[in-house]
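Report on one structure; see the data block that follows.
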Amino acid sequence: MSRLLLNKRFALSGLLLLVLVLPLITSNAYMIRILILTFIWTIAVYGLNLLAGYTGYLSLAHAGFFALGAYTLAILTVTVGLSYWLAFILTLVFTSIVGALIGMIALRTREHFFAIYTLCVGYIIYLIIYNWEGMTGGVRGFIGIPSPGSIGPLEFNSQISNYYLVLFFLVLTIVVIYRIVHSLQGRTFMAIRNSEDLAKTIGISTTKNKLIAFILSTFFAGLAGALFASFTRFIGPEISNITMTFDFLVYLLIGGIGTLSGPVIGTFIIVWISQELQFLQDYRMLVFGPILVILIIFAPRGISGFIIDWNLKRKAKKQQIESMKDMENNQEVKEG
Amino acid sequence: MDIFFQQLFNGLTIGSVYSLVALGLTLVYGILHIPNFAHGALYMMGGYITLTMMQTLGLYYWLAIFVSIVVVGLIGVLMERLVFHHLRHAPPIHDKIAAIGMLLFLEAFAHRVWGADYLEMATPHGQVVSVFGITFTLQRLIIIVAAVLVMFTLYLFLKKTYMGMTVIAMSQNRAGANLVGVNTNKVAMLTFFISGALAAIAASLSSPINLVFPGMGHLVILKAFVIIIIGGMGSIPGAIVGGYILGFTESLGATYISSDYKDIIAFILLVLILTIRPNGLFAKGGQS
Amino acid sequence: MLLETVNLTKKFGGLTAVDDVSFSVEKGKINAIIGPNGAGKSTFFNLVSGYYPPTSGQVFFKGEEITRLPSNKIARLGIARTFQTTNLFERATVLDNIIVGNRLRTQSNLWDAILRTPRLKREEQKCLDKAYEVLDFVNLTNHAHSVVENLTQEEKKRVAFALALATEPELVFLDEPAAGVNPDETEGLAELMKKMVDHGITVCLIEHKMQMIMSIAENIMVLNFGKKIAEGTPEDIMNDEEVIKAYLGGERHAEVK
């Protein structure tokens, strides 16, 4: 057990070190760009995971909230003319408030109704962005979004500084999610996922806790959206489209829904494969669609869940063998 | 006033298409309790197959539609056999995700085979007709009439044939149907076939006045969900009435409110309904 | 008396599932509700535990009205319940299932979780201690790290009991605790219920197994078609003519089915 933990620590530190020094050893700007985007998607997928994976509510409005974050930042910085970091914080607050309002209504519904409701909410956000040209630029998109402003001596106008900024937020996201999942709050979410009826009878306010999960999920979607807007500096309505939500879902499902490492694993693997299969581009879903279906039937908790289950089984077997050995020893002692 | 009647007529046309799509969706939901997000992809496939039959094999419009019905119906059956059947006992989140996976696959498939372009479907019924000051193409009238005929046939099938009655029995009580000897597997396959067939008919009828493209099913399926929630998930009359209501609302809304936002009407309607009644408009209250 | 219902009624559409039932759960005893299938026992439970609101009538707990409180608030007041189908998280360990049971007695929130405050650490330890305490109570300490799906039905019932006890209740409602458990194991569950009472926890159960009820319950209510037809000690019930008629009739009916 402790060795496993140690191994894990070691692997994690190694991984962190690698991503930290990567920009120093490669000068491949394209690769850095893809990595930054991957970090951003991962943050969004963590938000989705908290709600769909740990609380059991499949929200199909996630791209809508991602876009809400991106457009709010764009409007606050360009149209309103606020300083970057003030706009950034206001964006997070605003997305969370909108999330709270929508969540309060959406969470009155359950299961299929919740999925359909959020699907429609996502579509409404898309249609508003698409049609409200005066504010969002409509189909032409929104251009000229500023890079993150400097914090003291730190400036973020180069790609590499952006890399570290986004990495910082990703690590922060993972730490926060890790702490939530491994706390009483996380256990509360999982109790709701397991059975809302049972959760209520052991005194858990499902209304309140579902809302917390929903707001958190929109918060991380908004965070990812804001980072996306200031990194690409140009956004269009397609980022709020349902296909974007489906992309997030594919990342999450393949990595492992309801697992801590799932979002990282899934997003990196899929983005990487997509890069390798460049020629597929628009047809990538020819591959990922069936993978999604096969996974949900045979390995519903994705790669990460598969490894966890495999480990558990191995451990159980080991324990069994050990207890059998113990019994044999005891017998020997008795017989002796 | 003319504009009003013209829009009413247009509403009837769109409503017919919506009703057919919603019917397929509600049948599947009633029997298997699956919100089939891939239903829009079946609709899209219906459009493409009819078009391909007409263009490459030179089949006549109605014959092409017939081929499309069979093919899309079978795709529906495959969906049930290969995917949903294995997820009968899985948590409810799983079948939704599987449906999304199939939707993504079929769309990418269409994109790969037929390209991303918006294609036109020629109809042999393009004549312009003018009655009582309303002007329309014959195709629109055909949509309305054909939809009614299809619904009537479906009604006869469900009420008057043994096979149809087993579908109804199972939608009312799955366990009970199993007990009295209904082969639930067969009924599930049959339901998916009908559902696919209805989607193919709807798409083939509406394609000449709309266009054929990979994303053509998106809005239609979303609206079909709105309709079956309004009409009651699993309710057949609800799907039909709901379809027409939405058709009228949209076509009048586009004229008198804003044509930019006409697609939003359905969703706002839905958000309002679910806000007030979280379990749908005609949910059976109380006991769970 | 600990809990009291006054003229409690629940209608579903045209059907009256619970009809004008007044009943009191006596403190420090094993109380039982019996009746043929469809007599409204489960509905009665659901009303009392706040699962859904009654059509009319009132429920009092320690003299305070709790009629329309949601079930999570009722749990906080000290009423726990179990389900017939235990509803446990089958793929998690016994311990993981039970730790959250004491959540309602803790204060820490999202910020405590994110900041890892001392309060959170303290309360997590408290929940863990409580989990081990109740596992010990139901004799499952050695299964703390077993995955629930590998347990026997009887063990699962014990886990469900433990989860209910982890909420620190004064009154526990048990919905058919012996359902699906084989006969020679019911004895152990009966012992466990007696043990709860010995530790000052009042028990109220629904049960089909007459024998078990008659040997352990001290206060019994009989429901038939939603109506209370008798209430009293096991002797009273066994000699009540209406009960014999209704219950035996119901039993036979159930057998035919």
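The first chain written gets the first letter, and so on, giving A, B and C; residue counts start at 1 in each chain.
Basically, a residue touches a chain if its C-beta (ideal position, glycine included) is under 8 Å from a C-beta of that chain, and two chains touch if they have at least 3 such contacts.
In UniProt terms, the chains line up like this: A = Amino acid/amide ABC transporter membrane protein 2, HAAT family; B = Amino acid/amide ABC transporter membrane protein 1, HAAT family; C = Amino acid/amide ABC transporter ATP-binding protein 1, HAAT family.
Because the structure is predicted, anything quoted here is derived from the model rather than measured.
Of all chains, the one whose mean C-alpha position sits at the greatest distance from that of chain B is C.
With centres computed from Cα atoms alone, the innermost chain of the structure is A. Separating the CA-averaged centres of chain A and chain C is a span of 39 Å. Between the Cα centres of chain B and chain C there is a gap of 46 Å. Distance from the chain A centre to the chain B centre is 33 Å, each centre being the mean of its Cα atoms. Chain A makes touch with chain C in their complex at residues 176, 179-180, 183-188, 190-191, 194-195, 197-206, 212, 216, 312, 316. Across the complex, chain A is touched by residues 49-51, 70-73, 75-76, 80-81, 83, 87-89, 92, 96, 99-101, 103-104, 106, 108-110, 112-114, 116, 120, 123-124, 127, 147, 163-164, 166-167 of chain C. By the touch criterion stated above, chain B contacts chain A in their complex at residues 33, 35, 83, 86-87, 90-94, 96-98, 100-109, 111-112, 116, 218, 222, 225-226, 229, 233, 260-261, 263-264, 267-268, 270-271, 274-275, 278-280. The touching residues of chain A, when paired with chain B in their complex, are 52, 56, 58, 105, 108-113, 115-117, 119-121, 123-124, 127-128, 131, 242, 246, 249-250, 253, 282-286, 288-293, 296-297, 300.
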